[in-house]
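Chains: A, B, C, D, E and F, in written order; residue numbering restarts at 1 for each.
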């Protein structure tokens, strides 16, 4: 049975935590301690109170999340935050967060695993954030139609296609979660086609004007890969069970 | 046949342009001049090149839009912007933009007309932006289920319901377009239920934790009302035809 | 036995919490919830782990502090912060913080009570912070020597006198805690004499150049009054015991 | 007959556009497109409506300017800006702007050509802006009087001499346009003498106190060199005519 | 013979110093003390070392200036600043600075006295800086030509006329010193004609595009009026001589 | 007898002035000129009017200080600043300031000399400010008690010990003056023990929570070493006398 510090160290190493700079508020790494022992690993996209409840119900005491607890500065330990922290502390639930390190990871990152799920070969990475490229470029399938079909199969709960670009792009860009930051870099990376999680209404007009193909597959849906893979790796390394905490998020 | 300056003055007055402060970049009012004469009015949500083309095809020479041309600072008159401006200038298309004035308007604003479309009575306004409240509070129908049904009828192209709040809210908040800014003000306005256009993935977790009912009806879909109504009013006042420029925007 | 919300409401009202703006990070009001019941009130200057331990030992479940938990933004619930929050939550300790409201209060504020302790009559208030004057002006005793003697009696653990001003000032300024912000406002308030908690080395030279009398009585020592008085008032109002949590802070 | 893109590429290369950082708002490079063909090149200091009119009258369809269109963010396409853009678009006038690249250029830059015009040999460059030195140091003639005489001959429309420095400086600094930024760097470059375009009234006192020789030859007058030379080079390379658009600017 | 504090108080009152906010760095009021006695008053535009020398030579011990000593933060008392301060202190020269108060003054301000000098009647004030209008509107003479002739007579050392506006403006704006801030407010004040001290090269193009008449009469030349008038008033009030310190500033 | 410029150059070299970046306002180097000759060197911690008077009384004409004249921007040469500058200028007193260069110096810096005074051997430096480490790490004596005794002997006017760390630390950190910036770097430098000049009240709680040993020996008292040593070195190099200007500063 691993200690908390062993598993945290292993997660830090696998994700290269110390060498990847993230947005302010990401605070990658251990975000809530526990009593020092870990028996079961969970994976969730969000560090919300419902995922905490489900994790505890499932016997998890080390929860890996993609979106941690500090995007908004805590101002009081009352109401939801009081209940959330007390819940975790009362049930010995440690929480570990890994954001960009699990987008950018070349083996177990969200972009890489999404590419794999739809059968695309990685060609290159782009869109460096403070030195770490966080978006993937993959060889396109024979046509836009084939690509769309594969995405519809992978994302059965819904996918929105804005198809104003070429019918047979050579390469496809992939940026899970919010795709906003990739848009202005598509052309300079020789592509007009992006698979992403979510965009805003203003990008429909942009797609029309700039002649892009944009596939919106859900922020939540495109970011389940990384945490699941990291939890699985840890489970196997330390010989303990792991478990994905599903929520019904349609966004 | 009205002159451009007559119709601009009339639009400014009806929308109270000069007394409503908007976000930097909104630049409400006339955004592209023409030769000074107006024969047909168009209405569109976005000032994009496709709406411009459709407007010109329809013979429009005065186009009212909700999202104007200056959200991003122009840096060069080349590529899309060159073609867009040349298109307008070559075809004598004037463009008039009205953003918050057409959200906040108590008769022809987006919020008010959405409420009307689903049969809700306005009770109050909230969420002041630099002094102008931009969101509506309406008396709720008998239950959340009734509300949802009406929304599904009005927004046939798709509506997402995140229902974690009360089953019979007393009041309903309405903020068309992006609903983000309203979320932290719901409780202090005695409601847990918001009808809006779009939100981000992080708000799913918020809805779960704060126990909100959130209805996402599309940013584009919820903002067609105001420009259409203003164009209609102007058409009737100046005895010229008007026309809504539809696009296929699903966001 | 009062409920947590009753006692929080009472504290808010007595201290005029909602109408007094404080420094970012002060977050006056309830900072940690408990199970909703209060049986014993504590008062401490700092929301530190040692005061928490002493409060719990003394059976306190509602601790009033002057310096709360949010001056530095929490970034992780690990190490000291984990232990501190878990300690409070495990022992049902609620924490209520009141900073400027307990400096500026005209009856139970630190400045007013310090003046009382050394027998000075208030004349006026000055140094408005966002509208609330936070420093006191009092009628001076017959001479600087008398003042010094009284301070030595009140602050037995040590007081530093920098006496470069007049021997018989007419008025004395009082600003408990850090006196820095009052220095540039002394002359315009017709005084050259300040009683405060702590200053920095650079203010010795300032005192020599500007010919001030500065009495440094300890930041901690000058700020015990307000929390003690508020705790006492609450204890008496709700008929439960109260207790001052002492630390050995010499600064 | 060159295409627009050929001539733009040639201008970019000759001026090293991509490797020279300029002030925000300079936006060096193509600023207004045309139909893609170029038959005659113009050169002007300012991208004003009068230079546009004169260029069109002269048959120019590719105008090189030193001060482009984006120093102030456009907020509406109305009034002067509407007329200016429509004028250019209706008459197929492309506009290309080159600011610091045409000050700093070691062969066809303003500083270098001014030095040449008055018979001075370059010695060195100084005053780096984001890595590119933008001011020239030249060997001085035998005396200040000789220098002044040569400047009076070159700048017949008027030159202002503020002579409080040495009578026989060894080196002369040259910074065309506004000389303000060079003033604090003269001494460390072993000179007290600056030839520039314009300065402000406060610099008269500075010249007296710091004992400088300052020669103000006109912002406009000192910046005609670069655009003329670039236009000439392009004309000769692509075998089409070129033309300098003169205005009566006395500043 | 007045004391320094009497004359400073009188200057403060006449110029309404305490109620007029100025740019950071103006520091209106007494800027260098002396031994407390004043026997002769001087007036100069700039607080430079040459005006100081001339003032001392003339026996002045109270020098009124328009541009004081603090526009640039002093960083060391060495070189020019050492010599300048030592000069003033060794010769008992007090320095009093008054900037916007002497532009905006309705009787002895620069704008008002310039208007008087060319025979124009004030109609209104505009261009408020933090509440104080600093530019004048006057009734125009019969034509632009008459105006120009009068300016040429008043400013014999040179005046630059940029005449692109109407030939017979109804009103004339006056802003001594730098006229930049007035340009965008001319039209809304029903004028296209400005008399000022200095502008920058970019304003030539602006004048052409916006069809303005701009008369540049010299920053120094247009700001001699106010200090001279204040010195004269003080001289007469306190029965001591006064003296204007001329420099050869052509800007 | 050295010239002013010789001794300034020597001080600059010994302290590596040009290569050490300091806080804005430090302005290391010559801060007040004199007539160019130096006969006696003084050393003081603060550039105050009392140290100036004492220096002049002692015949000093070159005063080395640690805290110079520019921490607060001068706004007028009146009152204290007038008297201070006039005093220096009238008595030919030059002032030279050296702040971080005299903290960080590996031979005559405050940290190094304090370590020497209590018999500690330097091991390393830490806490880089813009590239220059400004705090020292030394080998600890056998126990915390021995360290405390030595400090009590060296700082006879008073020392405050906050002892919540280990009883036998291996290394001791030293940062003279204000120790605030060193606190968050102690653990990563393998120590829990800091000798410094002054801290604030909030650091008492920090010491308790983080389990530090903090020894507060006085900001003034810990920063007398460097100026004294530099003055001594200069005196011996140029064969003129030197003198330490003592004040009674207890902070």
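FYI, a contact is a pair of C-beta atoms (placed from the backbone, for glycine too) under 8 Å apart; a residue touches a chain by one contact, two chains touch by 3 or more.
Bear in mind the structure is a predicted one, so any value in this text is a computation, not a measurement.
K.L.:
Touching both chain A and chain C, which chains are there?
P.N.:
none
K.L.:
Where each step is a move between two chains that touch, what is the least number of such steps from chain A to chain D?
P.N.:
So the least number of steps between the two chains is 2.
K.L.:
Taking each chain's centre as the mean of its CA atoms, how far is chain C from chain E in angstrom?
P.N.:
Each chain reduced to its C-alpha mean, chain C and chain E end up 51 Å apart.
K.L.:
I'd like to verify one number: the distance from the centre of chain B to the centre of chain D, where each centre is the average of its C-alpha atoms, in whole angstrom.
P.N.:
47
K.L.:
Enumerate the residues of chain A that touch no fewer than two other chains.
P.N.:
Residues of chain A never touch two or more of the other chains.
K.L.:
If every chain is a node and every touching pair an edge, decide which shape results: line, ring, star, complete or other.
P.N.:
Topology of the interface graph: a ring, with each chain touching two neighbours.
K.L.:
Round the ring, starting at chain A and heading to chain C first, what is the chain order?
P.N.:
Ring order, starting at chain A and heading to chain C first: A, C, F, E, D, B.
K.L.:
In the complex formed with chain F, which residues of chain C make contact?
P.N.:
Of all residues in chain C, those touching chain F are 46, 48-50, 67, 71, 80, 84, 160, 162, 177-178, 197-205, 208-210, 218-220, 247, 249-251.
K.L.:
For the complex, give me every residue of chain A touching chain C.
P.N.:
These residues of chain A touch chain C: 27, 29-33, 69-70, 73-79, 82, 85-86, 88-90.
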